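Two complexes, one shared chain (chain A), two partners (chain B, chain C).
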Partner chain A sequence: MTVRDIIKRAFLVEIIKGMALTLKMMFTKPVTIQYPEERRRVYEGFRGRHAFVRDAVSGKEKCIGCMKCANICPAQCITIAKEKIENKLVVVKYDIEALRCIYCGYCVEVCPVCALVLTEEYEYSSTDKAALYFDKEKLLKNWDEFAAKQQSETYFNKFWRPDGVDSAKMPKSKREQGPVPTRPVLKPAEPAPVAAMPKETAQP
Partner chain B sequence: MNPSPYNFTWPFSPPDNIVLVIAIILGKILVMVAAAMLHVAYCTWFERKIIGHMQVRIGPNRVGPFGLLQPIADGIKLFFKEDVIPRPGVGSTKFRIVFKVAPLLVLFATLSSLAVVPVFEAFYIANINIGLLYILALSAVSTYGIIMAGWASDSKYAFLGSLRSSAQLISYEVAMGLSLVGVMMLAGSLNFIDIVKAQQTSWHGMYLIPQFLGYFVFMVSALAETNRAPFDLPEAESELVAGYFVEYSGMRFALFFLGEYIAMIVMSCVAVLCFWGGWGLPPVLYKVVPALNDLPQSVKTFIEAVVFLCKVYSHLFLYYWIRATLPRYRYDQLMRIGWTVLIPLALVNIVITALVKYFF
Partner chain C sequence: MSPHLRRLATKELTINMGPQHPATHGVLRLVLDLDGEKVIKCTPYVGYLHRGTEKLGENRTYPMVLPLTDRLDYVSSMANNIGYCVAVERLLGVSVPERAKFIRTIMAELTRIANHIVWLATHALDIGAMTVFLYSMREREKILELYEMACGARLTVTYPRIGGVRCDINQEFIDACTAFINEFPSHVEEYERLIDQNRIWLVRTKGIGVISAEEAINWGLTGPTLRGSGVPYDVRKCAPYDAYDQIDFDIPLGTNCDVYDRYRCRMEEFRQSVRIIRQCLEKLPGGLVLNPDAPGYDMAAGPRKKPAPPAPPPAAGAAPAEAPAAPAGPQFEDLYVATEVPKGELGFYFVSDGTGKPYRMHVRAPSFVHASVLPRLCEGGLVADVIANIGTIDIVLGECDR
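What follows is the complex of A and B.
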């Protein structure tokens, strides 16, 4: 032990340094975010409440029932039922159990038509299990609530084009997916049969 | 008449207005206890705020402006909580009465020490010649409360906590007593008022300067005596859950809590009275600012009380500051510091003080 060490120990240099630090910290601004009044900024890539992107033109979900999401889901929380109606494959049931979901975002990454999204919504806790069992209508409603809060006219989720995946290997619809409109789009009035559309797409 | 050792003569004739005298004493006690309770309540608030800001947090701010009503909310909560008393195990010889008495004993011991603390020269409950010794003795009594609590709880955590606490208190009482010997030698008295008056003879008006070694030893042992961080081993949360009061709930827990905080206040008062010149301003200040001498007596008394309280609060702040900074010591480190550092330092302080006092 050198003389320097002895002096350091005898005069409690380390303790005095530490106390100077805590005293200095006392006069800095607290870093606390007072939650209900203040909110933390939600960063890009945040994975929150599930939603179905509502197609701005048709007003319906974009899901084609390919089962990729249900197959990749590690928690197996997605249930899909399809039926052939009028010679067309229709997704009659699409359920996500939010209580089982682990928010990995694989379903969003894998979806070939970018129909699914994990929104930035995070305040949806409930004491009721049924409220966290999202069916198709609830998922679309989640999107409406989320889209209404968006400032910009368009929205693009970064998991629609996952990092590290060769975009050449993606299906065309996924590769060419651009930002989706957050407001219902009024279709330009051209032919008469489609003219009725806007009324139908007017969202709640 | 046969002289017997028990044949005392009443040392003074009772005063004519004995009822008034007793009423005044009771009033003083009431004021002191109420002030102490209020101080404890707002000590917790002050502590949480200080430690919060030192940890770059806010601290309590929800109940009332700046969280000022938080201690009241805490008190109400503790008061209405269920009082759980553990059933003694099969074959246990433990008594519930011990469990019930333990927190009262701790609170009694600490509250009684307030009796000899003079806030300013004319305000004290008892002006006894052995004030300092009385406080040291009562701080030893609270050890019994802690041991009783640990034993009667019938829980290994509580028991280990109380054993640690008793060993700690016994070790540090030695250092604390020795650290105050220097003050006693310089003042030639154990009476707090005499000690404060003796300090006024020097220009700086405090024993802190000649007795800095004693002050250091006293403050470290005061931390250990009151079971405060970094010597809060008896209630080491990470090891013993809460230590000796782990089985206590509601009001009985609150009594321990009150006892701990009052002990902290008492130790701060002793530090102020013995080392910081009590309620006195440095006499040199009266020479520099002669106008202070011309103030009316009531204003002077008010200033004295404010000065005393400010000094006590700064000591409480020191407690919280240390708590926010230092991690808890290990048990062997605690014992080593007590026996191999503090006690020799206190002895050296006594020798130096004695030599200085003898030769100068």
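What follows is the complex of A and C.
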């Protein structure tokens, strides 16, 4: 053992070095976020609470009941029921069981009419199971709550048409999907192409 | 021994360590036979977190199994996803665009850093150095933020897809990633300053859990646990996937085969990962990130169309009763593809009957293999070293029990 080693051992050099770092840290800016008061920035495409996009013109959901989301869902938490009313298939029931959802976002990506969205909302825990069983009305309400919080007038979800993915194979309605308005359109506008979209997509 | 002392001799005691024990990294149960402080026998019991991922996979199409692989090793979910995608791509014969390969490599290495950070934090915390835990979580947060920037999720990412990745990364991600890899090496130095020469750390890790190279191979160890024994085996080098064949990096090796050398290996891997990410960001090509011909989410569960393979004979006696109406009957093929996840070699073994679902899926989980070596490492040692040994093999029970 050299003299240097003995000095190192006797004077706890490595401990002092570590302590110096700890001391230094006392004078740096804290990295902790004081959560309920401060919030971290939520990035685009965050996969949070489910919502149905409320069509600005018709005021209803855009779902056409193609079952793609229910089929792909790995957790099988989407239930859809369709009925023939006046010779038209109508989605009478659309339920998402948020407690079973694993937030993979597949449903948002497969939806051919961009009706579904995983919003940036993440504070919706509940002690009531029923409150996390989203039916059609609840999903639309989720959208209203989310849209009201949006700063910008329009919203476009990243997974509706992901960047860098060839859109040639996507359904036409998905290719042409533009940002949706977050505020209700007051004046009954001319029949927007959005309203005509469901007819173009083939019903299964 | 005098008769008096013999009367005082200690009695063997069997104790349960876990399944609820903060140092077992999950729900691992060890039954320890102790003689005083000495471990005579150590028996690991696994399976408390069994969720039947492999069986679940048989009832889902290939794209639907992907989110399940997030939940194997939840500390490095991105690496599992990539491992799964690489395996399925090879099975289905799908090519991946260059840009997606590089993005995946960046993500895999970020995951390696994130995983080793969690490993270092918990390993040091178990051994008694709490400060490291607090500092390292700071850097992990930044990686999780990078994940969120890329794909909108922080832990269970589901970012890669069969044939590429889900969505492109933007300039904001590249800037944030560059900033992260520029500052990260200085943080590694901070961790090292705290524990590298610390005498308590040295006493607790040097010469503990020694396993020779030959034995390590025989036990099936992989990853840094094996490389700590000086075996230069790394799937990224031996059978390169994604963009690893275009990247220059070294494999850190240990010499003393103990806990300390495995710790050194992982610390060096931090630096190598930074090096890989830097090269990937520099070389990042343009173009699409998803092969347009790759099977999409609407992949049919029935027989899939294939460009007429050189039909192998159906496995003898394994013809399923529910054979689809395909004219030639099910064509069985099997494939094992390994990738280097932070913990070791993660392999996916598929038996395919030519449909959109795996006929059988098996996950070769490094944590499971590593958990089996615990008796070898612990027996003959002290109780306190059991903790160091659990830390050094870097297991996550979600992956071990699947």
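Throughout what follows, the second predicted complex is superposed on the first by the 170 of 204 C-alpha atoms of A that agree within 3 Å, B and C clash if a C-alpha of one lies under 4 Å from a C-alpha of the other, contacts with A are read in each partner's own complex, and residues count from 1 in each chain.
One rule holds in what follows: a residue touches a chain if its C-beta (ideal position, glycine included) is under 8 Å from a C-beta of that chain, and two chains touch if they have at least 3 such contacts.
This one's a predicted model, so the numbers in the text were calculated from it and none came from an experiment.
Asks: By residue count, which of the two partners contacts chain A more extensively, chain B or chain C?
Replies: Per-residue touch count on chain A favours C.
Asks: Scan A:104 for contacts with chain B and chain C and give back first, second, both or neither.
Replies: A:104 contacts chain C only, not chain B.
Asks: First (chain B), second (chain C), both or neither: which does A:28 touch?
Replies: First partner only, chain B.
Asks: Regarding the shared-chain residue A:15, is it in contact with chain B (first), chain C (second), both, or neither?
Replies: Touch partners of A:15: chain B and chain C.
Asks: Between chain B and chain C, whom does A:59 touch in the aligned arrangement: first, second, both, or neither?
Replies: neither
Asks: Identify the residues of chain A that lie in both the chain B contact region and the chain C contact region.
Replies: Touching chain B and chain C on chain A: residues 15, 18, 21-22, 25, 31.
Asks: Can you list the chain A residues touching chain C in their complex?
Replies: 9, 14-15, 17-18, 21-22, 25, 31, 40, 42-47, 68, 71-72, 74, 102-106, 109-110, 118, 158-159, 162-166, 168-169
Asks: Can you check the complex and tell me which residues of chain C touch chain A?
Replies: 60, 63-68, 99, 131, 135, 138, 141, 145, 148-149, 151-153, 156, 158, 164-168, 170, 190, 193-199, 287-290, 292, 296-298
Asks: Using the touch rule from the top, collect the residues of chain B that touch chain A in their complex.
Replies: So the residues of chain B touching chain A come out as 50, 52-58, 321-322, 324-326.
Asks: What part of chain A is in contact with chain B in the complex they form?
Replies: 15, 18-19, 21-23, 25-32, 34
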